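Note that chain A is present in both complexes that follow, paired respectively with chain B and with chain C.
Let's turn to the complex of A and B:
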């Protein structure tokens, strides 16, 4: 089996695994829709006070809310991807079996996580977004090219998200229990991705700083491509640079971990 | 007849006493087990505090760009936030682990609880009692303290009395939502996330002034799922602000009644749910 086909199969497995739990998916869609409804009203009140806040008009702010709800699960902004499982495998020592396999640890989990993300984009993202577009005044591009660029930005965001969470998961090699790190990463992700509030609404220097961090690739970058607020190629370059840097860092940490750390056994 | 109803009442009281006793014993056991890893407890409590503080950070960020939201200034929004967060935090601390019921239904471990000589509801409520959730209560209390310090309230005796009553009743209302959510898991075991919309979603909704939401939504959370009684209605009275639906002033004092009614309905839902339980048998 060629390497490409192997990882494609792993990704398809990740997709199907999450597609199995239909009631959970429906519950997630419901929760995302309700949260979207609440957030839309807070954003509308905010933009009522300050029209053109952060360079968005009201329709764009509303679009941003529903994009956030659509990407929350797919980009694993609140965690909940492969990292809990990998940390558990490191804690129990099962990771030793993964390292024996004739497949690359990082690529294996990347493929599985992209499969999960693809399902959650379709299964959990589309319905809340469609609900928002149907019942609220949103601004969507009419040119298919913009939608294609948006999708590229979403996929790049997913890879960046994986890169961050892979580092978080590998911390378990040293800490054994990575719950604390995972929680900190979740908090940072929520704050710095623009899930809490669009990053262009953040005041002054703080806004500049969080925009430069990798988390802005997860939500802010795709949103700005869709809303026509950012140059697509520049955004891709920013996201790809972070993706490469994070994946390379993951490699380094992985090789350090497998060379120096004794696997848990028992 | 009189004798048997008195006996019935005694049995009812005993069940309540049994339930509280079982709850306290199980919760105490989980606290002891948590305290075996003190550093972990300190970190997760801090994490819980930080995670809930994030909601308030969002509000602060908004107020860094505007002076009022829906006609409410920051101290008034903080007042709403504090009331809602403390109420929700208390309910979450007491029975927030109930969303794990779905897992027990899937793997059949609920059976263990059914054969124990203690009310199932008390056992499920105390299951994995998480003291770290004090982080949320503390965070809400700090914001409430800040609000009370800064907000301009014309204090009267009824307003002072209403404060603790509202906090406890609010916890009761959220507690009823948790129990109803657990009951729903008997129907849809994987759907525990749906209740997040009402619990976490509910407290997020209540952190903002009712004036920014549509009339329909406000009507819904006043008359259908009465979350408005947690803080919107008491706060409207304390802050001397008109409630969007123009309800009479005495409604602000009804949260205890609403909490008891919600609790009774949730209890019925729980019983109905428990009766439908069929073990996985593995």
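Let's turn to the complex of A and C:
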């Protein structure tokens, strides 16, 4: 009970922190819209040549692009979530403050990051998506149940995304400067989430592999639920399994890190 | 009562540190692939106890082991050896339980939420420590009044000045009524007015609430104005534990009287043990024992010399410790 209220307060704080930077949000909306336009035209050219590529028709492919732009910031596919801050806190030693609080480090940052994600879904996701739906031929479900299932998949994707980035951030305990790891994670996230091309497009073993990796939970899985290409419950199970595995791994690494912790600085 | 039930130090010992050590493994690159492992003793067999309600200064030069000790007392570092109890709790084993009973202020770091108004951090503290609503409101009102935070509550923390932020941090550490407060350099970087305000608040807190305070600082004035007892640590070892006056004796520390005369004169003939240590034009520097009053010396100079101006300089911690070393080396 009490703990629930604490993490709700942390999440609310995460939401409001990002809400204070209006210029950054506006710039992000603009960037997502432009990026979406470029991708849409690329996809249209591609699907002109190869209709039904990856099992999507043109309208579905266009919908996929705008979904990607809506989720890019929220699911922190290109990074930009709590992990930069946590790494910086580990590097400077400020993490000492997080550690002596009577709160769980992982839950704290999970709550803060979900608050951020909720803001970015609303603040940065809705406008580019509406823009795409308005000016392009998209395919959207009419049944509210599908939208609800899509939202569940989005939230699960956010938790999986957190799980990956938490591991990336904790690497800073050993590496001091986690920039290299963060860049690799960014690259993997961009490609393996299906941000560049839907993962359905990749043939054979490569396709199987990327679809089984956790990153597919971030974009491919919610998109397939919305487009009616995947069974909702099976998708949830896949995402939840990754979420649990990654959070458990995060806990293990966290306890190893805090046991050997050399809190930087005097 | 849950205080020091298993204490070996008798009743009233609120903080017990018994032969505590902290050894860090440091790996250093010595060649292309060769690494040398070296052990650094940040804290080397330190023992002390602090009774409930005492205000203790914990001083020493940079890297002496002060912050390491504080981190062990909060539970975020585990001692490599020895025994440590705060309110009868082993900090590193029961960090969360202890957290409800201690408050911590790191002068160079902030617990406040950078982008959000000050009040948001306090609301979060309210939830984090599960403070009953009435008590939270009473404590917040009190801190806001005494630390003059009223106008700052709705200001984002990033816009606060250092002094304002420090007062904000001190309030955040006290909302849950901690029995002990660790202050790590609480006046670092503050101007004179802000320092005075922080010190006055801490003095009242200790007097009215009986909060035990452990204070690390570089500023001897913090200690002089707040602490009846001081512990000096250097290179991980406790060098001195006692009243501040005794520290001056132990270190035979000296204050400096800077005298500006009307004109250049030969060195002032001062009564021993005071003596002139430097002359530069009309300005002369006299050293005299820190434990001794400056008044007779000043009176005598004023009576016998054409005095224009004077000032007294307190010894700093580094000088006192350096003196202590000299003492030991020659003893």
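Structure notes:
The criterion applied here is as follows: the second predicted complex is superposed on the first by the 265 of 266 C-alpha atoms of A that agree within 3 Å, B and C clash if a C-alpha of one lies under 4 Å from a C-alpha of the other, contacts with A are read in each partner's own complex, and residues count from 1 in each chain.
Please note the rule applied: contacts are C-beta pairs under 8 Å (C-beta built on N, C-alpha and C of every residue); 3 or more make two chains touch, one makes a residue touch a chain.
Keep in mind that this is a model prediction, so the values were computed, not measured.
With the C-alpha superposition on chain A as described, chain C and chain B fit side by side in the combined arrangement. Seen from the CA centre of chain A, the centres of chain B and chain C span an angle of about 90°, rounded to a multiple of 10.
Looking at the shared chain after the overlay, A:107 reaches neither chain B nor chain C. Once the two structures are superposed, chain B and chain C can be ranked by residues of chain A touched, with B on top.
Contact with neither chain B nor chain C is seen for A:151 once the two complexes are overlaid on the shared chain. By the touch criterion defined above, A:2 lies against chain C but remains apart from chain B after alignment on the C-alpha atoms of chain A. In the superposition on chain A, A:213 makes contact with neither chain B nor chain C. Looking at the shared chain after the overlay, A:122 reaches neither chain B nor chain C. Contacts of A:203 after superposition on the shared chain: chain B is touched, whereas chain C is not.
Nearest C-alpha atoms belonging to chain B and chain C sit 10 Å apart in the superposition, given in whole angstrom.
Residues 21 of chain A lie at the contact with chain B in one complex and at the contact with chain C in the other. Interface of chain A with chain C (complex): residues 2, 5-6, 9-10, 13, 16-17, 20-21, 92-94, 96-97, 99-103, 258-259, 261-263, 265-266.
Of all residues in chain B, those touching chain A in their complex are 40, 43-44, 47, 50-51, 54, 57-58, 61-62, 64-70, 188-194, 196-198, 201, 204-205, 208, 212-214, 217. For chain C in complex with chain A, the touching residues are 24, 62-63, 66-67, 71, 74-78, 95-97, 99-100, 102, 104, 106, 108-111, 113, 115-116, 120, 123-124, 127-130, 156. By the touch rule above, chain A contacts chain B in their complex via residues 21-24, 26-28, 30-31, 33-35, 37-38, 41-42, 44-46, 49-50, 53, 177, 179-180, 183-184, 186-187, 190-191, 196-197, 201-203.
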